[in-house]
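One chain, chain A, appears in both complexes that follow, with chain B as partner in the first and chain C in the second.
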Partner chain A sequence: MKPVKHIICMVFLSLSAALPAAGAEEQQPSLEEIVHRANQVAYYQGRDGRAQVQMLITDSQGRHRQRSFTILRRDGPDTDAVADRAYLGEQQFYVYFHRPADVNKMVFMVHKKPGENDDRWLYLPALDLVKRIAASDKRTSFVGSHYYYEDVSGRSIDADHHELVDVTDNYYVLKHTPKEPGEVEFDHYLMYVHRETFIPVQTEYFDSQGNKYRVARALKVETIQGYPTVTEAVMEDLDSGGKTRMRYNQVTYDIGMPEAVFTERYLRSPPRQYLR
Partner chain B sequence: MAASSLADRFVYYALHHPRRIAWVMALSTVLIIALAAVPNFVRVPGLHPVTVDTDPENMLAEDEPVRVFHDRAKATFDLSDMVVVGIVNDRHPEGVFNPGSLEKIHRLTNFARNLSWPDPDNPGEREGVIEADMIAPSMVDNIEQGGLGEVTFSWLMATPPATQEEALAIRERALNIPFLNDTLVSGDGKAVALYLPLTSKDVSYRVRRELLDFTAGWQGDESVYITGLPVAEDTFGVEMFIQMAISAPLAMLVIFLLLWWFFKRLVMVVSPMLVAIVSALSTMGLLVISGNTIHIMSSMIPIFIMPIAVLDAVHILSEFFDRYPVHRDRRKTTEEVMRTLFKPMLFTTLTTMAGFASLALTPIPPVQVFGIFVAIGVFLAWLWTILFIPAYLMLIPESRLEGYGHEGSAGEEDHTPMGRSLAWLGNVTCARPRLILAGTLIIGALSGWGITLIQINDNPINWFDEDHAIRVADRVLNDHFGGTYMAYLSLKPGEADSDFDGGALLSELDRRRQDLVESGLPAQPFNRLEGKVREVASQSTDAASGLAALTRFAEEQMATAEGDAYFAWDEVMLMLDGIRQGSEVFKQPQTLAWMENLQKHLEGNERVGKVNSLPDIVKTVHRELLLGKPSEFRIPDSTNAVGQTLITYQNSHRPQDLWHFVTPDYRQASLWLQLTSGDNRDMEAVMADLEAFVADNPPPAGIEPEWFGLTYINVVWQDKMVRGMLGAFAGSFVVVLAMMVVLFRSVLFGLLSMIPLTFTVGLIYGIIGLIGKDYDMPVAILSALSLGLAVDYAIHFLARAREAVARAGDWRSAVPIVFGEPARAISRNAIVLSAGFLPLLAAPLVPYQTVGIFIATIILSAGVATLVILPALVTLLQRWLFK
Partner chain C sequence: MPISILRALSVLIPLLSAAALAAEPALPTGLGGASEPELPAGMEAGDSGPPLPGGLGSGDEPDLPAGIDEPRETAAFDDWEVGDSDDTEAPLGGLTGFWEARAGHRLQSADNQRQSSLAEMRLELEKGWQGLSWSAKATADLVYDSIEDSGHADLETGMGWLDLREVWLQWRPGADVDLKVGRQILTWGVGDLVFINDLFPKDWNSFLAGRDEQYLKAPSDALRVGYYGDGFNLNLVYTPRFDADRYIDGRRLSYYNPLVGGVVGRNEPLSVDRPDDTGVDDEWALRLYRRWGSYELALYGYDGFWKSPGGFDPRSGRARFPRLRVAGASGRGPLGPGILSLEVGYYDSLEDDSGDDPFVNNDEWRFLAGYEWEVARETTLGLQYYLEAMGDYGAYRRTLPAGQPARDQYRQLVTVRLTRQALNQNLTLGLFAYYSPTDEDAYLRPNIHYKVTDNLAVEGGFNLFFGDRDHTFFGQFEDNSNVYTAVRFSF
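Showing the complex of A and B:
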């Protein structure tokens, strides 16, 4: 387990550099609070946000594929407050593809509604086709990468039972066990949440035999507009030996994007002013 | 004469130091066995433990180009050898599509997913079933229409259905997806097959066993069948060893009993048995010590050595049995017997060794090892025969030989049935030589015709008996599904490197720069790239590496760019990526259309049950994107549309499935053919179909097709084997002929001695052609054996005939002598050995049956040919033979 620890340490160092030193020993937050803070930091910071993503998919043979896209995100609630789940609400994603060249202008859009199934759309410019995508579950690949759709848009907090299994110097270690084991491929996953920033620095998925088969890691964290932000991350498939690395560039928060951007109308004619 | 003085010395030594000879033989054998056995328990430097290799792929050398390509292509497309598990329900009207059966299939799938264990050879790795690539109802994706304008990705059978309707819906969905239809679900909708890819072929026996154990307790109407080439090959390997342990001793037992019956005294018969066992054990020991693996071929070494080892000993015993009553002195009798037999035995040994050693000339490593070690074994058998048999005879107290010997030996009259028949045979053959010659020519002509009918063919599944579980599974599953034999066709454009064309790139860059600068992006990145293009163009490089250099440059710039410059670089990257995609041959609609036609053409062959391909995936996704209309089951019109269809497919649970059919750079594709037959002949027909198609439909983009996969590999090594064996046989035929001419110092005698052999080989292969038995691996090997055995009898017969003529004056008076002791020795030999191999017929493995029946036939035919054709020919040619 040495390499893992090593990487966690590296991320921790960059975190420390990025952040002002935390104050004196704070009181330990409740499990509920840790879970929500981590969720909020990972998926709900700011009113909205935009990132230019460079994705590099590497298979077990070392062959590369690239994806380049813009992610726009908009949250329904006005607040980032974790208390009373205030930050949680409707959320929209708009993913506009630049590359590979043959999928240029392709759009993937998601509407998340608490307690309901997500709505997903796909716009395929070459076929001039807008399709609703219904997936039986959210654990399908995101455009052929090792990330699942759910990793990109966030797994519902209410889908799992949570446990705080360890508190280390730097991390809260959470164990999440699915409420509906039949709907997911994992048995449980462990999440290493940084104690000061609440960034989930490492997530490890285990199968029913207790084998760790999939690991997500934050490789680089920067503070952008006051928000600690993961700007480089990797997902590794330990079974196949493949991995996908994502780099987030040009990250901006609180742009003030109107909800109208996230509608079917904008699939065919992308909202240029918000993409750059 | 050199040979007889050598004989005298050998025999003299053996007769005077019988105990020493016995000890040396025993100790040397024990030593060899120990050297071979000890490294299995303790590591000894320089020695090797027994390694078993049952992989027919090793029929080809590791660096054989076909095999290298096969391995590389398998790695490129992430393909593994597969076990096919079929579940059939003949009782339920809907087959396995009922809740009960599907629940069992689901359980079996879950069991199979976890069927892997730590790899003992690679710590940290696992071996067994590769879960990620399994094909099973609960593990494959279904893409279909959801609600209005909606497309759904879901597991085909996430959980077992609760109702009959749901069960049928699963079938309905699977049959609508070409990739699953006839592969996962049988075309008749009654059965389901699971495909379990393996980390390596040699775990398939264990995987099969565990699956069978798991399903052994199933109550209900489901039957489980397991087959596939890896299973057949691995299972054969395991059963082969069991068979080797049963067949060889059984053959020895029958030979032993017959010898006992012929030579009356148990004490006499033990010696040839000892020689055979010692020779076989020592040879196998030497095989292991020299670091060779025990392969399908080398496992047959004992079975070949034993009859040959017994053969010489039987000649000695037979002579001893016949002459002992004359002398009543074992030393004198032995001396006389050895003097008579030494030269023929030396030469029969040399010819047999030549026959087998010639196999070293074939291009197939296991056959080379087989040939060389049988030759070594034959030599050992000869050595111990001439040393140990006389020694052994000396160790028998004279008192125990009281009254021993052939009844009719004392006088010329022999009244035993064998004696009388042989005397009659001698008279007839010499009285009517022309009739016998005519008969021989007729049989020869028929054999020649039969040889033209020979079908060269092999199929590892057919190595099992008709009613073996694997054969049954093979029949049932190939009846229901697209096929359990996998062959793959790699398609790749020829490497035609074009030069980097800076001009075209610059004008494209110009066009884009204008547009984008107007839209508000800075011009500087475009100008930087322009400079870089000119720099690359001046280095006169090829298109691909030029483009790669530009892309690297743009990536580096983009990594540090901020704001609008970032977006400008992004646009530069987009342009470069568009140019790169021009080389993605397998996204181009015309390439896919050509593949589609090729697929259709190949499916026209009745043995091709199913072809899985990239065009099928594209067409299926396209259809489901466009409301599931059957008319949209087609390849879209543009490269971008193909690309977008494929990226949609990658939003599934198993995006990696795509890379079994095309490489991520879309420069190499593979077709997966499921054949219902693993016969090499059928694979060859499919290969011919491909050639015909390519001749009529020139492939786009200079695509070159190349086969790989186990079914194809088998064709390649078979082809090498047949050619190799023919060459080896022709070569050793000439060598043996030359040896015969030298032995008899007569061209005519030399030619004559080759006649029983030629007749036998012709007859054997004629029969094979006439009865429609495939010319396969064991049959090919038999030509070497017949060369070794058939010439033996002729040598003994002609040598003795010459001797008899010298004694009696002319051939007519020599006939009764020749048809006395010498003919009896040959007959006893032929009967004992041919009968000794009949137990092999009871073996459940077909190659053993084949070897058994054909060795028996070869021996019998060679014996008959020697005793019938040779005397007739000698009668006709006596004027020239005995001047």
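Showing the complex of A and C:
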């Protein structure tokens, strides 16, 4: 039955694309809107935010590593509105490490700019050294976990072609195909976006043979200050069998963090009032 | 074209492509309903999450499938030792640090030196305190060192059983001002293991003997004032009593002594006259900086002394730290796929204005250009070019004592840093190399570092010096080439 349902769905979607006046799904948001709302919910909620993050990394042989850090985020635009991409703009991240012990008090800072390479800094407290880090490859592991830099800070909407391949009871199923296939390791990825909250509940990465090799899942969602928030998630590497679980504690939005927090001054002397 | 044909085509084409998809061996999971993901906790209908929309009531729809691979694993979080609570505070009452054992061995026998270059155990203890507008920190290394006598502790040189790394208090008298007073590690400038405007003390013994790279920076006893304005930022560091480098003095590592005309070790430890009159023999260091978009620019000034002996008193036979003033600038920012760094400094050797005093260093221009980028996944390459140009070179040559080898007017240096991470970033392979085409000498620092667990790390590496002539910068250290290994437990 499934292939038949699938074919019908494809036909329907193609038809509705070819004949825009079909009129069957008036309430359904446009593809563009789904893509942007999912992006906004995943990475841009509120004017700023803070979380204590714990990571449990399990390698293919079942060995565990832990990471613990505080992440501060601030958005340039003062709106969450998706219309006209108003929510998209500069964004700053400040990641203060607690564990493991050998990275205690290290700081990783990112200034994200749409359409440009990120600016990244690393502060090494034992040397009082502020390093700039080249940001060329965003699809390398973040702190040795199965998450990539891009998974943590968001992949540019404009880097992919988007298709709505299915609409189910709960999900809009999106297929994203990279515009520059040479720059990424995947052929495409599917995203299950919850229809009510626009939370990307599951993201599946496929290689060029059509094999699914990497899956990100939201495990727990809590509504915090009115924002539906993923508070537990996992990233699995299906090839190696390794995975990383992430837990977000003490999530707070709209703290009113000034932009100055994301400067060299606060790399050298961390902003305690926002980290506690 | 008639509308009907268009419609027929639009129906036909997707049918064809859909048929092609269905004919493939395996439809990607997720396109079919069976492998649709389960809603996460907190989103179940009837839970606190919103119910399913009315028009899409679940009556005629299939139920949500069970979990994809396995049941929910929330229980697995129970074995996380860290709880939900604020864990910014470490265990042991906020005491952090590490225990480390480190040993190093010379690769060839050196006259007047032991075969062993490192043999020590170190316990670093660190504790922080903080209030709303202030914070404080103390870091102390307790050291058992079997190479150098660790009987008594010399806090200035870090020798002995106690190396006090940090004891400082920081507070914020106003929104734009930070003050930090006490023993602290200070670093600025854009060079990678090459320093121009960073005139804070370095520990060359640690660096060349194979201690962790963090020990290259020796602490300063200083007051740091930071002003952070809208247009620019200012850092001013006042050190009331000169903090010299922990320079190579022959006791652990051999060096070239021009008086002897050769390389000497423990038989001829360098004796120095160190300026140590508090409030008089002081140092000022200043940095004015700001960021324009992705680019950082800075101006620097320094007033103090040559940090490693830069002069010699022929009457006392002791090495000296002549007066030094430095002005410089740096810039850093992205270029193409990497980061470009530029730095320049003018070393004004105040006690030898015309360059004709053979016992005091001449003025120098120093220039650095660096570029670092990711050449492959988990692999970064950094290249630097460094130039040291001596001022009044004619006067230097004219007054150079007979029989002493002359330095070149231009000393060039190229550095390469290659870093590769593997095994989920638990294994780091690194190489840092200095090569001087003018001095024809080199210094290689290969290193391998592996994190066995989150707390336990092992490392090993070499410090390899090459050079045909005894008096060049790296050539003089040839007898100190060593291999080292260490194990560190962090907590």
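As a convention for this text, the second predicted complex is superposed on the first by the 249 of 276 C-alpha atoms of A that agree within 3 Å, B and C clash if a C-alpha of one lies under 4 Å from a C-alpha of the other, contacts with A are read in each partner's own complex, and residues count from 1 in each chain.
One rule holds for everything that comes next: a contact is a pair of C-beta atoms (placed from the backbone, for glycine too) under 8 Å apart; a residue touches a chain by one contact, two chains touch by 3 or more.
The model shown is predicted, which means the values in this text are computed figures rather than measured ones.
Visitor: Between chain B (first) and chain C (second), which, if any, makes contact with A:239: first, second, both or neither?
Guide: A:239 sits against chain B, while chain C stays out of touch.
Visitor: Just chain B (first), just chain C (second), both, or neither: which does A:56 touch?
Guide: In the superposed model, A:56 contacts chain C only, not chain B.
Visitor: Could you tell me if A:221 is touching chain B, chain C, both of them or neither one (first, second, both, neither)?
Guide: second
Visitor: In this superposition, which partner touches a larger number of chain A residues, chain B or chain C?
Guide: C
Visitor: Contacts for A:117 in the overlay, against chain B (first) and chain C (second): which applies, first, second, both or neither?
Guide: Touch status of A:117: second partner only.
Visitor: Considering only touches as defined above, state whether A:250 meets chain B (first), chain C (second), both or neither.
Guide: In the superposition, A:250 touches chain B and chain C alike.
Visitor: Is A:149 in contact with chain B, with chain C, with both, or with neither (first, second, both, neither)?
Guide: First partner only.
Visitor: Counting only touches as set out at the top, which of chain B and chain C does A:199 meet: first, second, both, neither?
Guide: Only chain C; A:199 stays clear of chain B.
Visitor: Considering only the touch criterion stated at the top, classify A:184 as touching first (chain B), second (chain C), both, or neither.
Guide: So A:184 meets neither chain B nor chain C here.
Visitor: Could you look at A:100 and tell me whether it touches chain B, chain C, both or neither (first, second, both, neither)?
Guide: both
Visitor: Same chain A residues contacting chain B and chain C, which ones?
Guide: Touching chain B in the first complex and chain C in the second, residues 52, 59, 65-66, 68, 98-102, 104, 124, 126-127, 129-130, 132-137, 140-141, 143-144, 242, 249-250, 276 of chain A appear in both lists.
Visitor: Inside the complex, what are the residues of chain A that reach chain C?
Guide: Going by the criterion above, the answer is residues 2-3, 5-7, 10-11, 13-15, 18-19, 27, 52, 54, 56-57, 59, 65-66, 68, 70, 98-102, 104, 111, 116-117, 119, 124, 126-130, 132-137, 140-141, 143-145, 165-166, 168-171, 173, 190, 192, 194-197, 199, 201-202, 204, 206, 210, 212, 215, 217-223, 228, 230-232, 234, 236, 242, 245, 247, 249-250, 260, 263-265, 269, 272-273, 275-276.
Visitor: Quick check: in the complex, which residue numbers of chain A touch chain B?
Guide: 52, 59-61, 63-66, 68, 98-104, 106, 122, 124-127, 129-137, 139-144, 149, 182, 209, 239-240, 242, 249-250, 276
Visitor: Using the touch rule from the top, collect the residues of chain C that touch chain A in their complex.
Guide: 6-7, 10-11, 13-15, 17-19, 21-22, 24, 26-34, 36-37, 39-43, 48-50, 52-53, 55-56, 58, 61-62, 64, 68-69, 72-74, 76-77, 80-82, 84, 86-88, 90, 96, 98, 130, 132, 135, 170, 178, 180, 184-188, 213-214, 216-217, 226, 228, 233, 289, 291, 294, 296, 332-334, 337-339, 341, 372-374, 377-378, 380, 424-426, 451, 453-455, 457, 488, 490-491
Visitor: Help me check something: in the complex, which residues belonging to chain B touch chain A?
Guide: 75-76, 78, 114, 131-132, 141, 146-147, 149-155, 158-159, 562-564, 566-567, 570, 573-574, 577-578, 580-581, 584, 587, 622, 625-626, 636, 638-645, 647-648, 650-656, 658-659, 663-665
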